[in-house]
Every structure is written in structure tokens, then in C-alpha cells.
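Paired with subunit B in one complex and with subunit C in the other, subunit A is shared by the two complexes that follow.
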Partner chain A sequence: MKETTAASENKKSPGFWRHAWLRFRRKKLSMCALIVVFLLSLVAIFSPMIAGTRPIVCKYKGNLYFPCMAYFNADWENPIFQKDRFRKRYPKNLKEKDPDSWAVWPLIFQDPYRPVRNNEWEDRPGNPFNGGEPSSLNIFGTSKGKDVLAMMVHGTRIALLVGFVSTGIAATIGIFVGAVSGYFGGWVDIIISRIIELVMCIPSIVLILALMAVIEQPTIWHMMAILGFTSWTGMARLTRGEFLKLKESEFVAAARSIGVGPFRIMFRHILPNALAPVMVPIVFGIAAAIKVEAGLSLLGFGAPPPNPSWGTILNAGMTNYTEWWQIVFPGVAIFITILAYNLIGEGLQESTDPRLADPKD
Partner chain B sequence: MAGYLIRRILLGLLTLLLITMAIYALIRYMPGNPLATDAAMMNPENMPSEEDIQRMRAAYGLDKSIPEAYAHWLTNMIKGDFGSSFAEKKPVLDVIGSRVTNTLLLTVPSLILAYILAIPIGLFSTARSGKSDERLVGVVLYMLYAIPSFIAALFLQLLFAVKLEGTAFELPLMGTKADDYEALTSSEQIWDLLEHMILPVISFTYVSLAYYSRFIKANMEEVIRQDYIRTAKAKGLGPFRIMIHHAFRNTLIPFVTLLGLSLPALLGGAIILEQIFNWPGMGQLYFRSILTRDYPVIMGLTFALSVLTLLGQLLADILYAFVDPRISYQ
Partner chain C sequence: MTIALRFSLILSVAGLTALMGCSPDDAASTVPNSTDAVSNSEEDAGAPKDAAFVLGDLIPEFNPPTKEELDNVEWMDKPVVDVYELMANRKESEVAMMTAAEALAVRNKTPEDNHNIVSAMGTLATDGEINYSAEWNRHTSADIRNTNPLMISSSAEFDVSGLLSMGLFSFDWNFTPYGNAGSLVSWQTSSDGLMDMVVMRDDLTWSDGEKITAYDVEFSYQVIMSSAVPIPAVRSGTDQLKCVKAYDERTLVYFHFEPLATNVWNINFPIIPKHKYESTIADDPTLASSPVHVELDENPVSGGAYTILKRVRGQEIILKRRDSYYMFDGQQVRQKPHFETVRFKIIENPNTALLSMKKGELEEMMLTPEQWQSQTNDDDFYKFNTKSYALEWVYYYFGWNFRSPFFKDKRVRQAMSYAFNHQELLEKHRFGMDEASTGIFHRTSPWAPEVAPSSYQQDLTKAEDLLAEAGWEDTDGDGVLDNIVEMDSNFDGESEGSRRVPFEFTILTSNRPDRIAICELLQENLDQIGIRCNVKPVEFTTLQETMLGHKFHAVFAGWGTGADPDTSENLWTTKAIDNGRNYGCYSNPEIDKLFEQGKRELDLGERRKIYQKIHLTLWEDQPYTWLYFRNAYYAFNKSLRGYNYSPRGPYNYGPGADTIFKSAEIQ
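Moving on to the complex of A and B:
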């Protein structure tokens, strides 16, 4: 008897985020979208194991190697393969140079960076260079000889990375600037608000194009930084509003009265309470970043050519409209990804809005 | 009101100054310069002499430091001289002027179309909220909203210009006029232009259509919960009259902000869409002038766009006071 009362006393009422999750879970569409994003992340993480021309694992001259990791970073290719002159052609070289070798190959033997040639894989024809329609070897067809499916699998990595990294940068700047502006108020607020208005006045695509043009050899990381540095204003405004409201509340006065410093109050006490409304534009921001990246790559202003971004495939497709597969497949992929993030954002909005809370739970 | 206007205009001028300064510094920091992208300079048999290059650098203002060159640009701009385009060797105002009509041809119809369609769709969605037909419309709009306009443009091109080629539904892939445009009679010329406009206008319209109608619906939902709507219902007014006369008029307040904010989009067009449709408008001009480092044109376009953005914001605020008597700028 005594134990049960103790147990029920210890049982805390669910916190805000747990409540939100319980409500989010009931939204079928948003949950489906979450699963889609999860699957896309799996594709991105395991992209070299899904499509590639390097073995996932191989035993070569008595040692185990993981050549597929070179797709993440070219420097991760074991020097032994350069020394033995593999030249990125693994199937034949492995057999010729070490008859006892064995290898586990990716699901699809196709490369996102180059066309597969005749007999690279024994008795298998190479990719057609022109008009490579979808076929059993190139399920989504080819783009300038390269397999579209392999490019799209590896492009998932770029798309998700761009979404997370650039929105992460934007959110960090936006939350920090908004918090400082809202909490301190006064002339700090006036100056920061003017800066925000100034940045908002420049059409973002104009600014992004100008910034991309400034960089001599832009990489995908430059682009993520630029997207991040140009899209923080909305989040800053929102955070500022929340902070203006919350800094008047009693828990802030209490914290201040026991001598807590301003930055500790801002980020330990106020921010967790302001996070829910700021999270929603962050999720929508991910979708927007993916869209802008695809658009820039389509203009030829995006990730430099060997990078298999979805937009780069569209760019190739624009030069020849009869090769519809270069437009339809990446287009659908972009659409699904953006739709999924939008649905998650909407679900988050509904499940964190206290006005829509169900009084029963 | 006058005091408010003056304050806003002064603030706007300061903003303009800062924006043009920032963009000017940016373009000067871009690697390469207009001399390097000029095709005539690339000809190995006819390399310009050192003096020629110096003369051209001086003509383009490249010999000055960035602050000096900016001050030069600013003083000329105040006198109404935006300089000459490096690439087209014509005054910037003429270069931009020759493209304004093309952009307006796309954006004005698409803006009008979006409003004309969005208002009834939004009202319909509110009236039949929760019914199966409303949900179908909602899902379709939501899906449309998730397709970036440039992908929709590519899909439309694939469908109407490639797949339906040779049928009655065939539409031109890109450009503004057919190859045999000169030979056509004037009525045929107008028809030809219309045909070329269809796909770009659809691509321009549908994203804002989806956005506006969801916006109207969200605002209407809030308004129809108000007491005065219940009063109107209680005194026996018809649903149509309540919708239009009582509810919709009150959603106009947030709607006018949208109207003001869409002003810069009128001229800015869409860089990506104009590039896809090879439409010689302002967006394409901006893209090309960045590629060729045509400084005066970039500056002219940035200036025009910033002015429009600021004007749009000002207009939205003034309209706000106009439609909502609770707001005044005394």
C-alpha cells in the first residue's frame, strides 16, 4: 500500500514535448511523412552500399577493406588500391591481382560520378551514352552516360545534408540574434530590427546568386553556408517576439532576482519555453533549403558538376527534353521530400499549439 | 500621417543606401571582371594592348577603389544616370526597359489569375469545411504547394511541348514568339504570344494560388467563429450574404499585406522560371548580368527591386490603415 502511493507520487505528469509527441503520433499523414524522411535518411547514410562500383567489403591480399567508404570522402580510399593501380575499377582488378580475394558488392552496380563501361562487370554491357532510356540495367535511365538511379541515391545525401546544415546555421543565427534583440530591448533591439528589415528587403535569390558568384570555386559546403546566412531573418523575428513576451514572466524575474546572468536566463530559462513556435519554421526551412538548392543546381549555380545533386540531373535534363527520365524522377524525388517536410512541419505546428490541445490529455 | 510618411521614406532611403552599398561591394569582390568575360577579349589573335586594357578598365570604373567607385555610381544615380551596360553597350535604363514588358506579361496575368481563383476557392473551402469535396480541394492545393514552380514548369514542358507534340494541345517549349513570327498577321501574332505565355503563366500562378487560398481559408475560419457572424445568422441572413458581406470583408485586412508584398515579385519575376522558359525578362537579365559581371545592370536591377520592395511594404502599411479603422498613423 505504501509502495503504490510512492510510485504514483514519483510518476511525473508528461512534459510538454512528450505531450506534443503523443499528439503528433495521432496524425497519420505527419507520421507517414516522418517515416518517409527516416527512409530517405537511411538511403542517404547507406548510399554507397545501395549504388556504387566499389565493394562494400572485400578481402584483398589477406586484409579486409571497405572501399565503398570512398564515396563519403575520396581520401578514405585505402592507399593500397592506388598503389596497385586499381583506377576505380574494382571487379576485374580484384580478381586479377589476388585470385583468392572476395567482395560484397552494392545492390546496384552503377556509379554516380561516371558511366559504367563495357565488361567492367563481367559480360555486362556499359551504359549507353546517348538516349539511355530506363532499362533493366539502368532502372531510371542514364544522364550523359551516368546512371540516374545511382545519382539520385547519392543525391539524397546532398539534399538531406543541405536541408539540415543550412537550416541549422540559419536557426543558430536566427535564435541567437532574435534572443539578444528581444531580451535586451532598447537600442540593441532597434539596431538588430533594422538589420533584419534590411536583409529582408533584398530578394533572397538575388543575394544568394551574388554570394555564390563571389566564391571562386563553390563547393556544396559553401552553398549550405550561403543558404544558412540568407534565411535566418524569419526565425530571428519569431524568436524576438517570443522573448519580448516571455521576459516579462515571473520565472524570469525569479531567476534574475537570485542573480542568474542574462545569457543563462536567455538560453537556459527562456529558450526552452520559446522553442516550440520556433521549431515549426525550422522544419519548413529545411523544405525551403532543399528547394533552393535544387533550383540553384538547375541553373548550374549549385554543387559543382561531379556532385550528383537532384538539381544537377534536372539541369542535364533541360538540355534534352526528349530524355524525360532526367526530369521526371528527380522532380518527383524533390516533390516527395518537400511534401514530407511540409507535412511534418504542419503536424508539429498543430501538436505544439496549446490552443489546439485536447483538454482530455 | 504626413509625419509617419516622411519618417518611413527617410528610413527607406537609408535602407536603399545600405543595400546598394552591400551589393556593390559584393559584385566587386566577385572573381573575374567584365573584361574577362567579353568574347572579343578572348580572341587570341586580337589581344588588346596593355593601354587598351587600361583604357577599358578606366571606362568601366575598375581602376577606382570600391568606395570611390560606389560614390561615383551613387552621384550619377542621383542625377538619373545608371551608367551603360557593359555587355549590350546601351544605357542601363534602356536595357531594363526593354525587358520590363516581357516580365509584366507573365507576372500581371498570373497575379490577377491567382487572386481571381484564390478568393472563390478560399470561400468555397470555408463554406464546405470538413466535407469530402473541400478536403479533396485542400489535398490537391497542399500537394501543388509542395511542388517547386521550376519542377512544375519542367513537367508542363514535358507534357505539352514534348509529349503532346503534333496534337491540338501542343504548346511552345520556350521563348516569346514563333520562328515565323514576322510572317504572321497581327491577330495571329497576338495568338502566338498568348500560346507562348500559357505555360510560364501557369507555373507562375499555381504556387501563389495554393498559398493565397489556404491563407484566405485560415483567416475565414477565424472570422466565422466570431460573435457577429452568429448574430448575422440569428437574424436570418442567408449563408451567401454572411460569407461575402460579413466574413470576407474582415479577412481583407491581412489580405492587403499580401498584395503589398507581391509588388516586388511583379518585376522580379522569377529568375529560375525565366531561365527555364528562355523568357527575356528581368529575372533572366539579372542572371545573365551576374554571369557576365555586368556591374551597372546588376546595380540597376538591385536598385529597382529594392525600391519596389520598400514601396510594397509601405503600401501594405498604408492600405492596412485604410481598410482597418482601428489602425492610424497619427
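Moving on to the complex of A and C:
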């Protein structure tokens, strides 16, 4: 008897999230999807090192620089590379202006913002402008002279960022509003529920189109914000439902009886228990946000130029259907990414739903 | 026969076709919005809504002379010409390079091919060659909103209305104005240039059988000059007249304030049937709201070669040949229109339109340069169609706003022109087919300077030097140029005074990939010399509104040409900032003075010198960075013949579409 208790004490039963993870791991499709998203994130983070015309790192006139960071933020490019007729063209200027300089170049010498011109890199032809089919220099072809692969690599950043940021905003608002509404109930609940219904009525695409026209200099961040501020309703409703249910449970009553404040109860005690069902729409929300962004860019109202969003490439391809590579490659990228997120969402849904749990666990 | 009205509109009304959003090549209507925007503001300034309607309240006080007094005036004859015959004469002196059949077997690959095709397909019909029972399926990218010639403003409406209305005047491919022999017996100008007298033909009828008389013209003038009628665009030009008076059913006299060179254009305005509108206009001065007017707009009384047979909103407009147009009292009095029916198919998407062309369902469309270059070279296209192009006087430009703190200085604007890679634009973006633009007039225009200024070539060093001269330098070491500039509270709400600002601005363009790409090229070029340029693609109406409000730094857009150089007064004079299309607020007293002189100079040689000077002054000032002239690229079905190009494309001149026909041999 003693031995068995000791054994059970040593082998702690897995917690809820650990349990969910174990079950999730068994779903092959979802795991593949997770790997895909992980790889895409790597591509996004390291995009300036994969494709670009600025060195990853270079030594110039005695100092070490990281010009490729300019792809993240134009202000991060040292002005030394603009002055004295350097004009942001690295390959020849580096050697010409400082023979002792050295540089580590990205894997692919192509720029997402502009075509590579003749002889920009010693003895290398410029990008073909029209009918630039896939070739050894432009693996995915060109779109108005710009390398499609470089655009797609850098576009990954936009796609993932849009997904995370806008859904992050939506989740924050949705969970907070839903929690308040569900926990306090009564009038608060009635008013908030009406507000939710009101926001649900706003067609976000129309709103985005209108706001992008009004804003003086719309950036991709504006779009993420608008997407976030219009898509939180589903999460709010789910959270509200969970809170309505959980606030009646014993652990809440216990917490309340020892004088814990309402916000501490809401976010310290109830929320962790309510999170599982909310996680699922968050993941689906990411997929939806990516889709909306691609759709808007396709219509020409998405990421402002020259941001190389996947939808923007599609838009360019739309006017010329003979240049199939502008449609197929970004189209496949959008498809795979959205599919991956949806598979993850589905896997998460199944592995966090206790009713679907394998009895053997 | 059919074109006259369209001219009058384009000339006196719109002056220039606005192309910033959509040139003919992207089809949608561009003119409309601009005129609308104007009309709204002017409408407010007009008479209060409930005030009783006064017909012609804007007509100045004037007592026209009696008929007897007119007989004592010394008159000079002006040409009354059948433009179709004029074209026929021209064609006689031109030798077609090949027959139409030969031309249709050729694929248009080189400029020489194009020359052959244009000359062969432009041959006019010989006797018995025309298939009069044919239908012509035309493309239009937008539906029409009005059929009333006074209200039209979009290019689609020009096309449709051109077939539905009659005009007293016309002009040819050289933009020489004529009296239209189809409508007039004679046209005379008084020796002091203050009066124009025309005698109309007595065999003109409306499609409902009523006669078209001088009273209709007089009435149309009065309607245009009524403040309650919201058509300021048509009014500009017509308001230069002192009076229009019908002395009898056929005799009409136009009175001018001054003997201007532009009087020949001012007398050309749209004509509406008096007997239809006379009693209803007081109830509904908008001409478009009351049930009677809506019905009249649906089924207009036509004065032109065709009438409306059927109209399906958003899909098609079918026009039918009008027998009473060319027949009178059982006799043929005018040329028989070449088509039994003309069907305008409304297809917004250029790709869809091209697919319809390839299936033979459309028989005419304007191609985008991209379509010309890569989607119209296959057997699919040549199975039913052929294509050709010709120079059109439509130029595109980057416009700099003089109210923006960045572009007040001439050196900065010149630096912009030096910074831009014109060569790549022409060779890559325009496929090496379009010509560089070196100012407001094309070099083949009579108004262009004899020696055209040489076009700008990219020279970043020169651009940097000019900017440094103007004070733009990177003083804070952030890689972006900066300078102390005067702020203008009217422009962006910033308080007045001087401030150091970085050189970062936004350029507006309509939302089309090819235009965005051109702006991105500018962005890239400027980025290299330390200027941040943001590209903002906007929807057409937003673009229009922003430009009218002058709330922009820079814009990429285009202008078509009017028939008279005076039409560009609307773009460059100081008064056009508030009442015209001088969106960039360019103001130069010398230019203002020159335009006034140009209007008044009657000697052609002297007048030419004035506009040449305007051209060169503007080029020196670089209020625009002029980019390129866009060619007219067209696809035509193989059954069509007789199309000829003018600097305003294949339709917008006389005889324009009137010479086009289907051959009887092809059924």
C-alpha cells in the first residue's frame, strides 16, 4: 500500500495544457501545420538575410554595420550609405569607396522593393521587366521587374504580423469585454451584449476601405488595428459564455468568500479555466486576418506600396493572366498559411475538448 | 453627322479630358466626377432652391439688333463642310499601303506593320461595300448616367450621346473648326468679329417628328445660362457669349463680348428639344428628377443619327439607326448611318472585355499597353481581331503642389525631374512604345515650340546639387534631407511660420498596378538621394476630391487635349485654382497674361507664338514633371473598316466613328 502511494505521488498526473499538448502531438496534420507556421516564422524573422540587396553585415571604413536591418525599418540604415553618392547601392560602392571593406550577403541577391538592374552586381543581368518567367536568377519569376521570391519572403513578415497583431488586439479586447460582461452580468451584460451586436454589424472590409482612404498615410499597422478592433466580437461572446458558467462554480465562490477582488477573480482564477475554448477562435482569427489582408491587397487597398504583401503580387498578376507565376506562387503561399492555421485551430479544438479525450489518457 | 455634339461637349464643357483616374485605357469615366464636384459647389452658390425658376437668368442685359439692322452688317463667310467628304478627300491623296484583306492577315509586331494596318483599315467605303444591316458591338467600361447632352460628363456618355445628338459645328483631325454641312446652310462672321450668323437646314427633325429649329438652339442657350440648372461645366465657354437669338426658324445669331479666337468654340454647345423641356423645366431645373424628365432621359428625343432602342442597366445600351435623320420627305438628305444597330456592352474589367473580344462578342475596345504587349499576340486574338495604335495627345505627369512646403522652389521641382529615371519609365514601364512628353503640347501640335525642349534625363548628382542650392541638406544626420520651410495653414492645418522639416511627402495615384509601379520608381529614385516619398493609391473619387481641395503634395495623373489650346487655360491660370483644374495651384502672372493674349490674338502666326511661349515658360517652371504621351491602342474586329486616328483617338473628332463600317462581303 505504502509503495503504491509513493508511486502515485512521484508520477504527477499531467495538467490540462500538458494533456492537451500530448493529445495535439498525436494529430499528424496539426503537427505538420505547426511546423509549417514555425518555418514561416523563421522566414519572416530572417527575411532580410534570405533575400535582399543590402549586406547582412559589412565592415566599411573601419566600422561594422548591419545594413539589412533597413528592411525592418528604413531609419535603421546608417546615413553613411546614402551620403557621398553611395546612394544605397552596396555591391560596387563598398569596394570602390573602401577597398578593405568586406560584406556578408543574403542568400538571394534580389530586392522586394525594386528591380535589380543590369550590372548592379558584377556581370549580372538585371531582372526582366515584362514576361519575366521563373529562371535561375528569379526563381519565382518577376513582377514588374521585382523578384517574386524576394517579395514573397518579405511578404511573409506582413502576413504573419497581420495575423498576430490584429488577432492579438482582438483577443485582448474580446477577452476583457467578454470577461466583464459575463462576470458582472445584469445591466452590464445587457449593455455590453448590445455593443457586441452593434460591432458585429459593422462590415470590417467596408470600414477598412473607408478608413484607409481617410488616413493621410495609411500603413499596414492601421489595417491591423482596424482588423483587430472589428473582429473581437466572437471571442467576447465565447469568453462571456465561459464566465457565465464558471462564475457559479465552487472555486469562485471560495475565492469570493475570502475577499478576493473581482478583477483578481476574473483574470487570476476564472480566465485560465476559460482560456481553452477561446484559444480556438483566436487561431482561426489569425487565419481569417491573413485572408482579409490578402483580399484587401488583391483589391489594391491593403499594404501600401511598396510593401510586398502576397495579395499585392496577386493584384499585379490579375492584370496580366499570362504571367501565371504572379498568381500561382503567392496563391499557394496564402493557401498553405491559412490552411496551416486552420489545421492548428482544429487540432487545438479537438485536443482541448475534454469530451473528445481518449478515455485511456 | 454624329460627332458634332460630342465635340461641343469636350471642347466647351470639359475642356480637357481628365485622366488621372482612368484614362480611356482603364475606361471608367473620368470627366464626370470632376464636373460633378464643381457642380456641387457652384450649385450652392446659385439661387436658393425655392426661388422661382428664371430661364436664362445669367444672360447679361442686351438688346439684340433687328433683322434689318443685321442686313447692314458686313459679313464674312466661314466654311460649312461635310467632314466625311473632307476625310474622303484626304484619303484620295493617301495611298493605302495594302488592301484591307492583306492587312488583316498581318500581325501587328513592328511600327511598320502598324503603319500598314492603320493605312489599310482606314480606307473609306466604296459604293456598295457597306453592309447597312450590320450591328456593331462596342465596348464601354462604365454605364451611362444620363442621355441628356447637357448633363453628360463621362467618356461613355460622350460616346453614346455622340450618336444621339446633333450639332451645328464640328472639327476635323487637325482641330480646324467647321460649320457642319449636315445641319447648316451657311455660317458667317461679322467683320468686327462680334457676331456669328448661321442659317440652319430646313430638313432637320427630332426623332419624334418635330422640326429642329433655331428656337431649339436659343432655348438650349437659355437653359445653359440658368443658374438653377446644375451644369456649370457646359456653361464655361457658353458664358463667354453675350446673347444667342433666333430671328426665325432657321436664322440664328450669336453675339460676343469681344472678338476672341475662341469664339468659334464658344458657339458650340449641346442642343436639347425646346418642345419637350419648355413646359417642364420650371418644375425641375435639375432636368433629371421629375418623372417627366426621368422618362425623357430613359427615352430621349434624339436629334442625331441613332435613337435608343433598349437600355439594360449595367449591361448594355442598344441604339438603332434613325430613318428620319437621313430621310426627309421621302428623299435621302444626309448620309445613311452605317450600322443598323450599335450595341454598347458594359464590361468593367479589361480582362473580361478582352476575353469577349477574343470570342468575337465585342468588336472594338481600347487596349491597355500591357494587353497590347502580351495578351493580344496569339491565334485566339487574331482569329476575329486585329489591332493598331496611333499617337494620342494624352500626357501623363507628376504634378507638384505649390502649396506644399516642399515644392514652392523651382529648383526643387527641377531636381525632381532630374532624379526620376525617365529612361526606365519609357523603356520598361511603357514598353518602349510611348514618346517622352516635353511639355503641354505634343511636338506635332501647331502650338508646340518649333524646337521642342529636350526631355529630362536622370542625373542624381544634378538633382542633389539643385536640392542643396535650395537649402535641402541632411543637417541632423538621419539620412533624410531637411530644410527650414514656410508652413501654410491653408494647406495642412499646420500653424504658419518657419520650421525645419524632413523631406518626406506622399504622392497620390489611382489604384492601378501599372501606375503604382511608376510611382514606386519615383520613390526608389528619391530614396537614393535622401527623400522619403510615400505612394498612396486611392480610389478615383477620393483622388478627385483631394485634388479639388488642393490637399496633396504630389500626384500622378494625365490630361487629354482639347481642340483649342485655350482649353488648357483651365489648368494653368491663377483663376483656375478655385474655378478650374489648376489642382497644383500654379500661379504665374506672365502665364495669366499670355492666356488672355492668346484668346484675343486672331492672327494664327502670332497666336502660335503666344502658346509656344506658354509651353516654354511652363517647361522652365516644371510645375509638372512631364513623363510620356500615351498612345491610343485599339483592337477592332476584322469585319470593321474605315477607322482613322486623330490626336484625340479614333472617335473624338470629325468624322470619327462615322466612317466606320462593316464590309458587305463578310457576313
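As a working rule, the second predicted complex is superposed on the first by the 349 of 361 C-alpha atoms of A that agree within 3 Å, B and C clash if a C-alpha of one lies under 4 Å from a C-alpha of the other, contacts with A are read in each partner's own complex, and residues count from 1 in each chain.
Operating definition for what follows: contacts are C-beta pairs under 8 Å (C-beta built on N, C-alpha and C of every residue); 3 or more make two chains touch, one makes a residue touch a chain.
Quick caveat: nothing in here was measured; it's all calculated off a predicted structure.
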| item | value |
| --- | --- |
| Which superposed partner A:201 touches (first subunit B, second subunit C, both, neither) | first |
| Partner chain(s) touched by A:131 [first = subunit B, second = subunit C, both, neither] | second |
| Partner chain(s) touched by A:213 [first = subunit B, second = subunit C, both, neither] | both |
| First (subunit B), second (subunit C), both or neither touched by A:73 | neither |
| Which of subunit B and subunit C A:318 touches, first, second, both or neither | both |
| Contacts of A:63 with subunit B and subunit C, given as first, second, both or neither | neither |
| Subunit B versus subunit C as contact partner of A:257, first or second or both or neither | neither |
| Touched partner set for A:304, first subunit B, second subunit C, both or neither | second |
| Set of subunit A residues, in rising order, touched by both subunit B and subunit C | 209, 213, 216, 318, 321-322 |
| Partner subunit A, residues of subunit C touching it in the complex | 350-351, 368, 370, 373-375, 428-429, 431, 460-461, 464, 474, 477-479, 506, 511-514, 516-517, 519-521, 523-524, 527-530, 532, 534-539, 542 |
| Contacting residues of subunit A [partner subunit B, same complex] | 197-198, 201-203, 205-206, 209-211, 213-214, 216, 287, 291, 294-295, 298-299, 314, 317-318, 321-322, 324, 327-328, 331, 334-335, 338-339, 342 |
| Subunit A residues within the subunit C interface of the complex | 74-75, 77-79, 82-83, 85, 87-89, 113-114, 129-131, 144-145, 209, 213, 216-218, 300-301, 304-306, 315-316, 318-323 |
| Subunit A contact footprint on subunit B (complex, rising order) | 15, 18-19, 22-23, 26-27, 29-31, 142-143, 145-148, 150-151, 154-155, 157-158, 161-163, 173, 264, 268, 271-272, 275-276, 286-287, 290-291, 298, 301-302, 305-306, 309-310, 313 |
